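Naming follows writing order (A, B and C), and every chain is counted from residue 1.
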Amino acid sequence: MKKNVRLLFLFSVIFSMMLMAACSNNESKPEPSNPNDEEEGTAESPGKVEINFWHAMSGAGQEALDSIVSDFNSSQDKYTVNAEFQGSYEESLTKLRSVGGTKDAPAITQVFEVGTKFMIDSGYIEPMQSFIDKDNYDLSQLEENILNYYRVDGKLYSMPFNSSTPVMIYNKDAFKEAGLDPEKPPQTFNEVKAAAEKLTKSGEQYGFSMLTYGWFFEQLLATQGGLYVNEENGRAGDATEAVFNGEEGLRVFNFLNDMNKAGTFGNYGTNWDDIRAAFQTGKVAMYMDSSAGVAAAVNNSPFEVGVAFIPYADDIERQGVAIGGASLWMSKGIAEEEQEAAWEFMKYLTTPEVQAKWHIGTGYFAINPAAYDEDIVKAEWEKYPQFKVTVDQLQQTKPSVATQGALISVFPESRQQIVTALENLYQGADPQEVLDQAAEGSNRAIEIANKTKK
Amino acid sequence: MSFPKKIVFYFLLLFSAFLLFFPVMYAFMISFMTGGEIMQGKFFPQTFTFDNYFRVFERLPLMKYLINSFVVSAGVMIGQLIVCSMAAYAFVFISFKGRDFIFFLFISTMMIPWEATMIPNFFTIQKLDWTNTYQGLTVPFFALAFGTFLLRQHFKTIPKELFEASQIAGLSRFAFFWRVILPVSKTSLVTLGAYGFLTTWNMYLWPLLVTNNDQVRTVQIGLKQLQSQEVATEWGVVMAGVIVVIIPTLLLLFIGQKQLQKGLTQGALK
Amino acid sequence: MKESSVSLLAKSSIWKKSLNARTALLYLFPSILLFSVFVFYPMFRTIYLSFFLTDQHGSAALFVGLENYTYLLESQAFRNSIKATILFVLYTVPAGVILALFLALIANEKLRGIGFFRTIYSSTMGISVAASSVVWLFLFHPSVGMFNRFLSLMNLPEVQWLLDPDWALLSVSISTIWLNTGFSFLILLGGLQNIDGYLYESAKIDGAGYWYQLRRITIPMLSPTLFFIITISLINAFQSFGQIDILTKGGPSQATNLIVYSIYREAFVNYQFGTASAQAVFLFLCILIVTILQFKFGERKVHYQ
């Protein structure tokens, strides 16, 4: 009896030791260097500062990004940047929340535009402005209308990175067939409605469609000068109430509702690829897409593709669009030389050459407009004259709190509310009612966020 | 069996096989298509090009991911076998106060949704400094209620005379466990092993959460990286990725199918 | 049985008496340790957080008592999640088990090449949720997906598989059933092969037909296996996550926003651990009740050999 207890004890001890050995964290590393560990990283190549860059770019975006990062790494010998994919924007943010403000945080993190307010309030980050001032960096070389989104109280908090705006993409061949002028796309809500009517072929082709995504609603709101939340769209102070269910918001919902009721609106859900496939196979003649999707639409469609500004409400002056996409944030609480390295990388990113490459590789805007004068961009634009429309729309935008975009910490949740509202609308619910529901849901989230804010 | 009856059965068999395997065949076909062909909704590619496969291996360190997946899955498998067999042994061959209660506690863990405990667990891993390590990916899964249950059911079928005989022969409890119980339970162990291996191979949210870089990442994360949001997704490449990811597990399943099925039933039902 | 062997060794002292418990503890130690750290601790933490509102960093900030729960019960969205979850379970579990049973029955015949079919039928077990959902996403595709192309070939109206709230849950259920078939099939086939052959022999002598044999021999003899597979399927159905995340993200109109997905969204996107935790506790109770009911009523019908 004694013997077996001893044996068993031994077994358990061995097991616990295995566990502990695992805890000590060195054993099962597949490779000796761990990029999270500065010391090891620098030991490898003395004098080099290694930083991590967390991003949420998958697919083609990741491809373009990886190539830019490796160019940067070979362009100089002081810094090494490791670009690391962290899942969707939400998942990446969840991870950041667990390390933010500590020395384990990545030097650079890519955060989507709706996370801006959260990041500013988080205390995890070093505002970009402090480096801009220290380095006398000339901000005027960057696109003003993009910077505006990320500028709060006159301070630039993060470096804009992948930036896009919505556009309306249409099928020129279908326009001709329906007797519409393919060079004169409809501009206002009523014009779009009328065109959609003509373009609809029952059972075969819908006139208009829009991805069920809160971003497009925000844009249709902004182009009318409508606000999303109070306190000057959250830019004058912490927003306390959603106001998107006012007159302007209702116009957008009525616009969509009218077409949906008339059978000229095709609903292709919340997946980017679905709505694009619908357009490319001729099931939809006009749809709202991101400027980043233009090249693929032109490439994959077996017909001529046109790009137009997003529609605006009749009798109202067009205000323009707000920026979407994501920006890069620098961490606080990490070593100074790491911040230094992050800043160098960001400066590299904003050079015209890199931006030109980025613009062509992904379709996102060049945040440095000088990139549009680069030869590769010119060649690309000759191939896709449609790109120019997207840039024009951005540059013609009138700066205001509406087109700057709203700032709320619970934006992702509010966007979800809009998605649900749109889905209910397409199922025949009353426009004002679903909008009010969405506003109510957003208000609750805002209230909780304000209540728990220290 | 009569001839017409045979025809009926073969028809049913073929029809079901076709339906069940159709999604895999479809993915296989798409993995050879160009972007344009996919958008036109064809089923057969015009030409079989391996471009998508080259692209997928070019884009991602897929080999590394595959090796990592293999290490993690094997690690969980071994860990589960050790931990679960020990627990099951205690439940069957040692009688002690509160045994039923503890067993019930174990079983109740099956009902706790993993997603609900994931974030606290993520913080635990962070505190242990286990991010980007194999142990962060494996250790939380070592204890498995289902596995303990499965082995317990099997151990119960072992004749008690064996235990008494071993006592008389002066075999210690541990020796009995090690030299008698484990060898006679081979099928169940293989089953549990395969089950653990496959489920671990298929995990996708947890590995993403506890890894920050490619060091120990698994193939399922690779799949996620192939799809994009705002920029158009290349479906051909994604499907090539899907095929590459499912081949190892399918092979494993084809080889071990008989064993697995034998063990699963023996364990689950006696 | 163990009592007798143990009594041989029983000594009077308490230390000796507790020997069994101590030995058992040693064997159970790894499991208990791991369960405590990775299951029970987070579960208690979840229960604790469900009484709080959390701040943007996810830590408890404001004690609100049962407010999270009362909010949930009043919330239209959560009631909708409950409804979707129940429907999802009803769609997937019975159909999944019946399909697997059907496949197991036809694959249990002694025919040439049957091994090939068995392999095919069990194949979905080797395909991950992530991989298969991507494929199904494409099959369901509104314009280029195979299903709609097939329907239009047959001159039937196209279906908005994942976009129509009336269809979406059904579509997700179809892919889930497909995904779970492999595992259920393997277990049921094993169960069938364990049934004694002579039972059928004697039935044949009595002149019983295929259906009679199925009803009177196969199903009763298979009942423990069926019971097992139904329990596992139930628990799995309640916890389905990956396919929702990839196929619908809870939409359209929240039609597929199962509780587990709603928890994920509340925690990851909205960062409201309080309400997410309350939902998790609720889900745990649901699964517990269903499992207890299942054991109470289901097990009575089970025929043990």
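Brief remarks follow.
Heads up, the rule we're going with is that a residue touches a chain if its C-beta (ideal position, glycine included) is under 8 Å from a C-beta of that chain, and two chains touch if they have at least 3 such contacts.
All values reported here derive from a predicted model rather than from experimental measurement.
For chain pairs A-B and A-C, the one joined by more C-beta pairs in contact is A-B. Comparing the CA-atom centres of all chains against that of chain C, the greatest distance is found for A. Centroids built from CA atoms put chain C at 15 Å from chain B.
Chain A and chain C have Cα centroids separated by 36 Å. Across the assembly, chain A contributes 1, 4, 8, 11, 15, 91, 94, 277, 281 as residues in contact with two or more other chains. For chain C, residues that reach two or more other chains under the stated contact definition are 23, 27, 30, 58, 143-144. In chain B, the positions touching at least two other chains are 39-41, 82, 119, 139, 173, 224, 227, 235.
Taken in their complex, chain A has these residues touching chain B: 1, 3-4, 7-8, 11, 15, 19, 22-23, 25, 28-31, 34-36, 52, 54, 57-63, 82, 84-88, 91, 94-95, 98-99, 106, 162, 164, 272-273, 276-277, 280-281, 290, 292-293, 296-297, 299-300, 302, 325, 362-363. Put simply, chain B touches chain C in their complex at residues 1, 6, 9-10, 12-13, 16-17, 20-24, 26-27, 30, 38-41, 43, 82-84, 86-87, 89-90, 93-99, 102, 105-106, 108-121, 124, 139-140, 142-143, 146, 148, 160, 163-164, 167, 173, 198, 201-202, 204-205, 220, 223-224, 227, 235, 238-239, 242, 245-246, 249-250, 252-254, 257, 260-262, 264-266, 268-269. In the complex of the two chains, the chain A residues touching chain C come out as 1, 4-5, 8-9, 11-12, 15, 90-91, 94, 97, 100, 118, 121-122, 212, 267-271, 274, 277-278, 281, 283, 409-410, 412-413, 416, 419-420, 423-424, 426-427, 441, 445, 448-449, 451-454.
Remark: chain C residues 9, 19, 22-23, 26-27, 29-30, 53-58, 61-62, 77, 137, 141-144, 160, 162-163, 165, 248-249, 251-254, 265, 268-272 touch chain A in the complex. Against chain B, in their complex, chain C makes its touches with residues 1-3, 5-6, 8, 20-21, 23-24, 27-28, 30-35, 37-43, 45-46, 58, 102-103, 106-107, 109-111, 114, 117-132, 134-136, 138-139, 143-146, 149, 178, 181-182, 186-187, 189-191, 193-194, 224-225, 228, 232, 235, 238-239, 241-242, 245, 260, 263-264, 267, 273, 276-277, 279-280, 283-284, 287-288, 291.
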